[in-house]
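One structure, pasted below without further comment.
Order of writing sets the chain letters: A, B, C, D, E and F. Residues in each chain are counted from 1.
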Amino acid sequence: MVNNMLRRYVTEEIEYTGEQLRSLWAFKEFDLQGDSIVAFIGPCHVRGTHMVDQADVRDGLYIYSESMLHFIAEHFDMDLEKTICRQRLLVSLAQDLLLRQVRALRVQREGDDLYAEGGKMSVSIATLTPVSSIIHFGINVSSANTPIATKGLHDFDIDAYLFAEELLDRYVAEMEGIKLARAKVRGVD
Amino acid sequence: MVNNMLRRYVTEEIEYTGEQLRSLWAFKEFDLQGDSIVAFIGPCHVRGTHMVDQADVRDGLYIYSESMLHFIAEHFDMDLEKTICRQRLLVSLAQDLLLRQVRALRVQREGDDLYAEGGKMSVSIATLTPVSSIIHFGINVSSANTPIATKGLHDFDIDAYLFAEELLDRYVAEMEGIKLARAKVRGVD
Amino acid sequence: MVNNMLRRYVTEEIEYTGEQLRSLWAFKEFDLQGDSIVAFIGPCHVRGTHMVDQADVRDGLYIYSESMLHFIAEHFDMDLEKTICRQRLLVSLAQDLLLRQVRALRVQREGDDLYAEGGKMSVSIATLTPVSSIIHFGINVSSANTPIATKGLHDFDIDAYLFAEELLDRYVAEMEGIKLARAKVRGVD
Amino acid sequence: MVNNMLRRYVTEEIEYTGEQLRSLWAFKEFDLQGDSIVAFIGPCHVRGTHMVDQADVRDGLYIYSESMLHFIAEHFDMDLEKTICRQRLLVSLAQDLLLRQVRALRVQREGDDLYAEGGKMSVSIATLTPVSSIIHFGINVSSANTPIATKGLHDFDIDAYLFAEELLDRYVAEMEGIKLARAKVRGVD
Amino acid sequence: MVNNMLRRYVTEEIEYTGEQLRSLWAFKEFDLQGDSIVAFIGPCHVRGTHMVDQADVRDGLYIYSESMLHFIAEHFDMDLEKTICRQRLLVSLAQDLLLRQVRALRVQREGDDLYAEGGKMSVSIATLTPVSSIIHFGINVSSANTPIATKGLHDFDIDAYLFAEELLDRYVAEMEGIKLARAKVRGVD
Amino acid sequence: MVNNMLRRYVTEEIEYTGEQLRSLWAFKEFDLQGDSIVAFIGPCHVRGTHMVDQADVRDGLYIYSESMLHFIAEHFDMDLEKTICRQRLLVSLAQDLLLRQVRALRVQREGDDLYAEGGKMSVSIATLTPVSSIIHFGINVSSANTPIATKGLHDFDIDAYLFAEELLDRYVAEMEGIKLARAKVRGVD
C-alpha cells in the first residue's frame, strides 16, 4: 500500500476556537508527521481574528456550537483548489455515512455544508498555511443553543465516536485510493 | 460569477469506444473551448488499445454496455491527482442524484464506481492528455447483456436525459463553487 | 465565454499607501470574489514597511504622486513568475493605449515602467500573498511635485476615467484570451 | 546576471512547415541547451497534420507566406498558460519594435496577432511538448501571394535581419527581467 | 511511516534496451502500483530510437555493457527537475555504498555519472512520461567489451545482488526521509 | 551556459542565530538578486522562536557551536520537496568533499546530517519563505563546547575557507548541471 495517511481519534475534549487551524498542529500535538486527519469532540467557538472565511467576517457571522465533532486534515502540498476538492469529498463521505446510519434521513450537501431535516449540520473551511493546506470540518453533536437552526448527530441517535472512526477510515481510504488511481493509467492523445 | 465551465447535452447517440477520451474532443466536436463537460447516450464498447486503465488491461477486462449515459469532462490543467478528486466528486454527485430520485435505493460509491442493489452501475477513468486532464464517467442506462451483474437507470425508472441535465448542472456548479471557495479565505499560520 | 475575470472602476478617491496590496482586498472592499482587477484614482504615498520592492528599500526610495490612476489585480494562483508576465502585459496594454490616444507620443516600456517624453509615468510591483498573487500598477494623473521627473495623463490631455475603463476592459480581455488560447491547441512531439 | 536565456539568429534560409515546432529542435539543430529563442527567415507553409491550432483546423485554414521572419522559443517548464503570456509579450515587443522603426505606422496587437495598415502581419501559436513549452511567431517579410490580405516588413522598408536581432535581444532581456523581478519582492499579507 | 515507496529486486535476467523506460513498466511487469524502484541484472544495449539523451544521439553514442545492474525508478509527479535531483541522490547513494564496501576505492560522481579508478562505472537518464517521471541508472557488473574504458562491480569484488538490495533500501529511505522532512518545518518570513 | 546561480563567500564573521534564514537575506545583505548560495564563518546559536525544525522544538533541543561554516541557499521557487532534495545534494557534496580531502576519514550522511568519527558534524534545515525556498547548512569548524559529541573541520585539519569555496563551486555546478540535464531529453511513452 502506498502513501499511508496518518489518522487519529483524540479522546480528550478540545474546544475548537480556530487556533487549531494552523500548520503542524497534528505534528506538535499528536506527533503525526505527514499528511494527517485528526478527529475530536468539543465545543466550537470561532470569533474575530480566528475567522478564516472572509465572507463570514464581512457578514458579521461567527461559529458556535456547544458540542461538535471536529476533523482537521493537513496535506503537505500547497494547491488550495485541490484541497477544496478533498474537503468536499470529506463532506460527501460524511453525508454518505449519515445516510448509511439513518436510512430515512434527508441529508443535503451544498458545497461544503451539510443540511438535514431543515437544520444546518456542519461548518467547514479549507485554506493554506505557509507550508501546507489544511481543512476544518465540524459536524454538530448537539443542536442546542446554536445561533441558527441546526441539527446534530444526537438528534439522529448517531454515536459521535463511531461516526468519527468510520469517517477517518473512509477519508484515509479515499486519499489512498486517489493515489493508487493516479498510478495505473496511461496517457491518451 | 467566475469561471463559467461549459456544458452540453448531446442528443444524438454516440457509441463510446474510448476514442472519445482525447484532448479537445469537446472543442472539435461541439465547439466548446475551455473546461467542459459533455453528456450523451450510446453503447459502450472499449477494447484493446483504447483501454486506459492498465489494471483492467492486465486482468483482461473490457467494458461493454448496450446503453450507457456518458459524461466526458476536460480540464485544462495537468494535475491528475486533482482531476481524480474532481472525478470522485462527479461520481459522488451522481450517487446523490440517484438517491434523491429513488429514495429507497441503496447506492454505494467505492472510489470511482457506483453499485446499486447488487449490481455495478458505472465505469469511470481519469487521465492526462498532452495538454489537459480528462474524465470519462459512464452510468448504465440498460443492464442487459453486460459481462458482469449490473444495474442501470432504467432498472430504477430514471429518465437518462433528465438525469444527465441535472448532473451536468451540479458538476458545473460544484466546480464553480470550488473556484469561489478558493477566493474568500485568508491564509493561516 | 470562459473564466470571466471581475473588474471594477471605483469612483471614490482612495489614497494608495501600499496597504491595499493585500489578499482579498477587492473581495472585502468591493465584494469581487475571484480573479479581479480594480481601478481607482487617488494620491500615492508608499513608505517604509509598506514598500514591497526591496531594491527600492535598499536604495532609500519611496513612491509619491499627488494623483495617480491605480490598478490592483489579484489572481488566485501562486506562480509569481506568471503574474509578473501578466503585470508586463498590463503595462504593455497601457503603453499601447497611450499611443492610440496620443499618436505623436513617445512612450517606452522598460520592464514594468513606462516613460514618456523624458518623464517616468508609472510605478508597478507584483508579489505573492499567502493565498494569491497580486499586482499594483499606478500611472500618474498629475506630474506635479514628484520626487523625480515624471509625466502624467493630464500632461497629454488624457481622461483618466476613460483610460481606466478601457484598460480594465483590455486586461480582462487579454486574460480571457489567454485562457481560450490554452484550450485550442494539441500538443506536439 | 541570472538565467541567461540562449538566443540565435540563423542565417541560412529554413522553410517553416510546422515540423520545427517540436521539443529540443534548437538543441538538436543549433546546440542550444536550455531555454532558447531562435530566429530565421524562410517561407511558411503549414498544413494538415502539422497544424497545431485546432480552431484553424476546424475552419479549414492553412498558413502560407512566401517569406517570413520566424521565431521559435522553447521554455523548459510545462505551464502552457505562462508560455502563452510569454508569447503575447513577444508579440507585444514586436509591435513596439515596429512602431519604433516606423513612427507613422498603425500596428494593432489582437491577442497573438499583429495587424498593420489593414493587413495581417503575423501568425503565432504556443503549445506543450512532452518536456517543454514552445512558441512559434512568424512575421511576414513579404506580403505577396498570401491567402488573405497581409502586410510584411518589406512593405514598411524594415530590414528583417536587424529586426530579428533586436527582437531576440529584447525577448531575452524581458525574460531575464522577469526572473530578476521575481527575486526582489517580499510577500504581503 | 508515510509514503511507503515500493521496491523490488527482480531475480530473472532482463536485457535493458531502453524499452523498459516507459510509464507503468513496474506496474505492468511486477504489479507495483505507485512510486517504485526496481532492480535487475542483465546486458545493456540501447540504440537508435530508444536513446533518450539527445546529446548522445547527436554525438552518435550508444550504450553497451555485457552485464549491468539496472535500477528503474518511477515517480508519479511530473516535475523533471525534481526527478533529476532524485536521480543524482540515487547516484550519490551508489557512490557512498561503493565507498563503504571498498574503503580504498576512489569513486567520483560527476553529475549523474560514476567513475572509479579511471573507468566509467555507470549510465543514467531521467525523463518524463505522459503520466510520470522516470529514472534509469545502470552500474556495470562486468567491464568487459565496453566501447569505452569502464569499471564494474566485479572488478572490485562487489556482489551485485547485495549491492542492489542495499541501494534499493537506501533510496526508499531517502525518499521517505524527504517526505518526513517536508512535514516538520514551520515557514519563515 | 544557462541559469548562472549566484555565489558568495563572505569574509566577515557572522553569528548565525536563525534570523538569517529569511527571504531575500542574500539580496538585502549582499546584493545577490536571484537563486544564490552564500557562505560565511561564525558562531551558531539558534534558540526559541528562531527554531524552524518543530521536531527539535518539541524535543527541547537547541543548536550551538562556537564556530561553524554556514551556507545559506535561496531558490526562487516554492516546492519544498524539491528544495529538500537540493539540500541533501548539498550535504552529499560536503560529504564527498570531506572524503576527498581526508582519504582515511569515515563520514556518513544520514538524511541531512553528517557524522564523522563518532561525532555529529553538521546541522541543516530547509523550509519555505513567502516568496522562495531556503536552506541552511552549517558544518562545525570547532567541536569545542557543543551540547553533544561533535567533530569539526579543524579536527581533521581542513581549512574552512578553502572548503567553503570548493563547496560553493560544486553546489552551483550541480544546480546548473541539473538545469542542463532538464534540457536534453525527449519524453518517453
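Here, a contact is a pair of C-beta atoms (placed from the backbone, for glycine too) under 8 Å apart; a residue touches a chain by one contact, two chains touch by 3 or more.
Because the structure is predicted, anything quoted here is derived from the model rather than measured.
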| item | value |
| --- | --- |
| Those chains which touch chain F and also touch chain E | A, D |
| Same-site or different-site touching of chain C by its copy chain F, using the half cut | different |
| Most widely separated chain from chain B, with each centre as the mean of CA atoms | F |
| Centroid-based (C-alpha) most distant chain relative to chain E | C |
| Chain centre separation in whole Å, for chain E relative to chain B (CA means) | 39 |
| Geometric centre distance via CA averages, chain E-chain C, whole Å | 49 |
| Per-residue multi-chain contacts in chain F, two or more chains | 23-24, 27, 33, 54-55, 76, 78, 80, 127-131, 179, 182, 184-187 |
| Full enumeration of touching chain pairs | A-B, A-C, A-E, A-F, B-C, B-D, B-E, C-D, C-F, D-E, D-F, E-F |
| In the complex, chain E residues that touch chain A | 1-6, 23-24, 27, 33-35, 76, 129-132, 179-180, 182-187 |
| Of all residues in chain E, those that touch chain D in their complex | 54-55, 57-58, 78, 80, 127-128, 130 |
| Of all residues in chain E, those that touch chain F in their complex | 21-23, 52-55, 79-82, 84-86, 88-89, 92, 95-96, 99, 109, 111-112, 125-130, 134, 174, 177-179, 181-182, 184-189 |
| Complex interface listing, chain C residues touching chain A | 24, 27-28, 31, 33, 76, 78, 130-131 |
